[in-house]
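Report on the following structure.
Per-chain numbering from 1; labels A, B, C and D assigned in written order.
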Amino acid sequence: MIKSQSKICVRYAETDKMGIAHHSHYFEWFEVARTELLRKIGIPYSKVEELGVSMPLLEAGCKFFKPSFYDNELTVEAKIDEMPKATILINYSIFHEENLLTTGFTKHAFVNSQLKPLRLPSFLKEIFETYFPKREG
Amino acid sequence: MIKSQSKICVRYAETDKMGIAHHSHYFEWFEVARTELLRKIGIPYSKVEELGVSMPLLEAGCKFFKPSFYDNELTVEAKIDEMPKATILINYSIFHEENLLTTGFTKHAFVNSQLKPLRLPSFLKEIFETYFPKREG
Amino acid sequence: MIKSQSKICVRYAETDKMGIAHHSHYFEWFEVARTELLRKIGIPYSKVEELGVSMPLLEAGCKFFKPSFYDNELTVEAKIDEMPKATILINYSIFHEENLLTTGFTKHAFVNSQLKPLRLPSFLKEIFETYFPKREG
Amino acid sequence: MIKSQSKICVRYAETDKMGIAHHSHYFEWFEVARTELLRKIGIPYSKVEELGVSMPLLEAGCKFFKPSFYDNELTVEAKIDEMPKATILINYSIFHEENLLTTGFTKHAFVNSQLKPLRLPSFLKEIFETYFPKREG
């Protein structure tokens, strides 16, 4: 398992007229957490892209249990539970103080700079394998 | 079934450095389509809120089959397939020309202005029942 | 003078907890109007970029006289008053019904795909000159 | 003078297809800095709003000298140079490492929860006067 935690402070611009953070921003916060997760394992996403690989979304989902409010300091946890193959699945949980507000996931493909699908690039595979060692036969 | 179609033109500000529309905006486009769906059945969401009811998200999901690009004119279809009860489920499909780019859904609660859960408000129930008539016993 | 008008409907996601459209979105609306202005004179901005030219912002300003609200249908007027040289200045006015809500401007440079400054590209110069003919000596 | 510094890390969602942070987000970053400035002087903006006062924008401006890029860590400096009266003027500078990228300002009114203009509220006036003492006659 690979796991990281990021801090987000809800911006005024992220609130809506209901007085809560608008749901679209949760997907940006997941992305912030993803950025920190990849940095933590030694392969910042900016570096991934310099190496010619992008990771566009295939699928995303989110469940909202409680709202968040302007200036709330949130903890966004990102986790990879399984060795990525042709795709990578990341799970998220967002907390405010002790409360779980949201869970979600994103599933990504690997593509080159022309947006053509790639297999898991070897520079990523090697890193992920240190976290998810192959079981011997 | 209740159904509407909305036009969205991808804004430059909605693109990201991958050169495609960033996924977080698809949830805003779903919302635009939701706004038009409710207007179409005679109960604009601004009116719903004036009557003291908001419809925060409980859950959302999206599958991305193909990307969209700056200045693409998209069609966002919103559909309610079932009579709403304590919650309302809306399904979305986004097309560019003939191509299906994305499908998604949002599930909403009904709350009052203090964000307390409500049952389906009667002014909404009456409208929805004209589209989903009760079957006689 | 070159002038265009665009329609914008304020999205729920664009509101903030004050109940009005957040000011950052006005700059996105200006951009929508800019897109339509360039399309109107026959050189869509997507085409400008295909030809290797981008127009990043050098400066922007905005005055807010009255707020706008969710679901307001706004008219965004964009205008070029002078022949662009090394930079291009665009002025904007946003109206809701008869009311002027906002005025603003953006000033842009011309750069190549490596973000290096360019002089006014000839394919743009030719178009602009049809609107701003040179005075004979 | 009142002054604060905030850190911002450019989000992927904040980039555009030019590969740089989209200008509309600079106004959100100014707002983050404003939030921290007010917190620093002991009157968080969330508290200001709880006391029934909002500070909508009257005017904003920004000059962009150099672009910022995904994952850049930026310093956003906010400054109040003069005692606020009917309006408050805040100046901003954004730096990446040693480089000044952007300067800007925002000018705000004080309004009540019905968006009606107010004079500088006394709870704010008292705080500001500790930073901008009245000169004796």
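Operating definition for what follows: a residue touches a chain if its C-beta (ideal position, glycine included) is under 8 Å from a C-beta of that chain, and two chains touch if they have at least 3 such contacts.
Because the structure is a prediction, the values reported are computed rather than measured.
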Message: Comparing the two chain pairs, does C-D have more C-beta contacts than B-C, or is it the other way round?
response: C-D
- request: Please identify which chain has its centre, taken as the mean of its CA atoms, farthest from the centre of chain D.
  value: B
Message: How many angstrom lie between the centres of chain B and chain C, each centre taken as the mean Cα position?
response: 29
Task: Report the inter-chain centroid distance for chain A and chain C in whole angstrom, where each centroid is the mean of the CA atoms.
output: 34
Statement: In whole angstrom, the CA-centroid distance of chain C from chain D equals 25
- line: Multi-chain touching residues of chain C, meaning two or more other chains, are 12-13, 17, 19-20, 24, 27-28, 31, 49, 70
Message: Which label fits the chain touch graph of this model best, line, ring, star, complete or other?
response: complete
Message: Under the stated contact criterion, what part of chain A meets chain B in this complex?
response: 17-20, 23-25, 27-28, 31, 49, 54, 56-64, 67, 115
Query: In the complex of these two chains, what residues of chain B are touching chain C?
result: 9, 11-13, 27-28, 31-32, 35, 44-46, 49, 70-71
- line: The chain C residues in contact with chain A across the complex are 12-13, 15-17, 19-20, 22, 24, 70
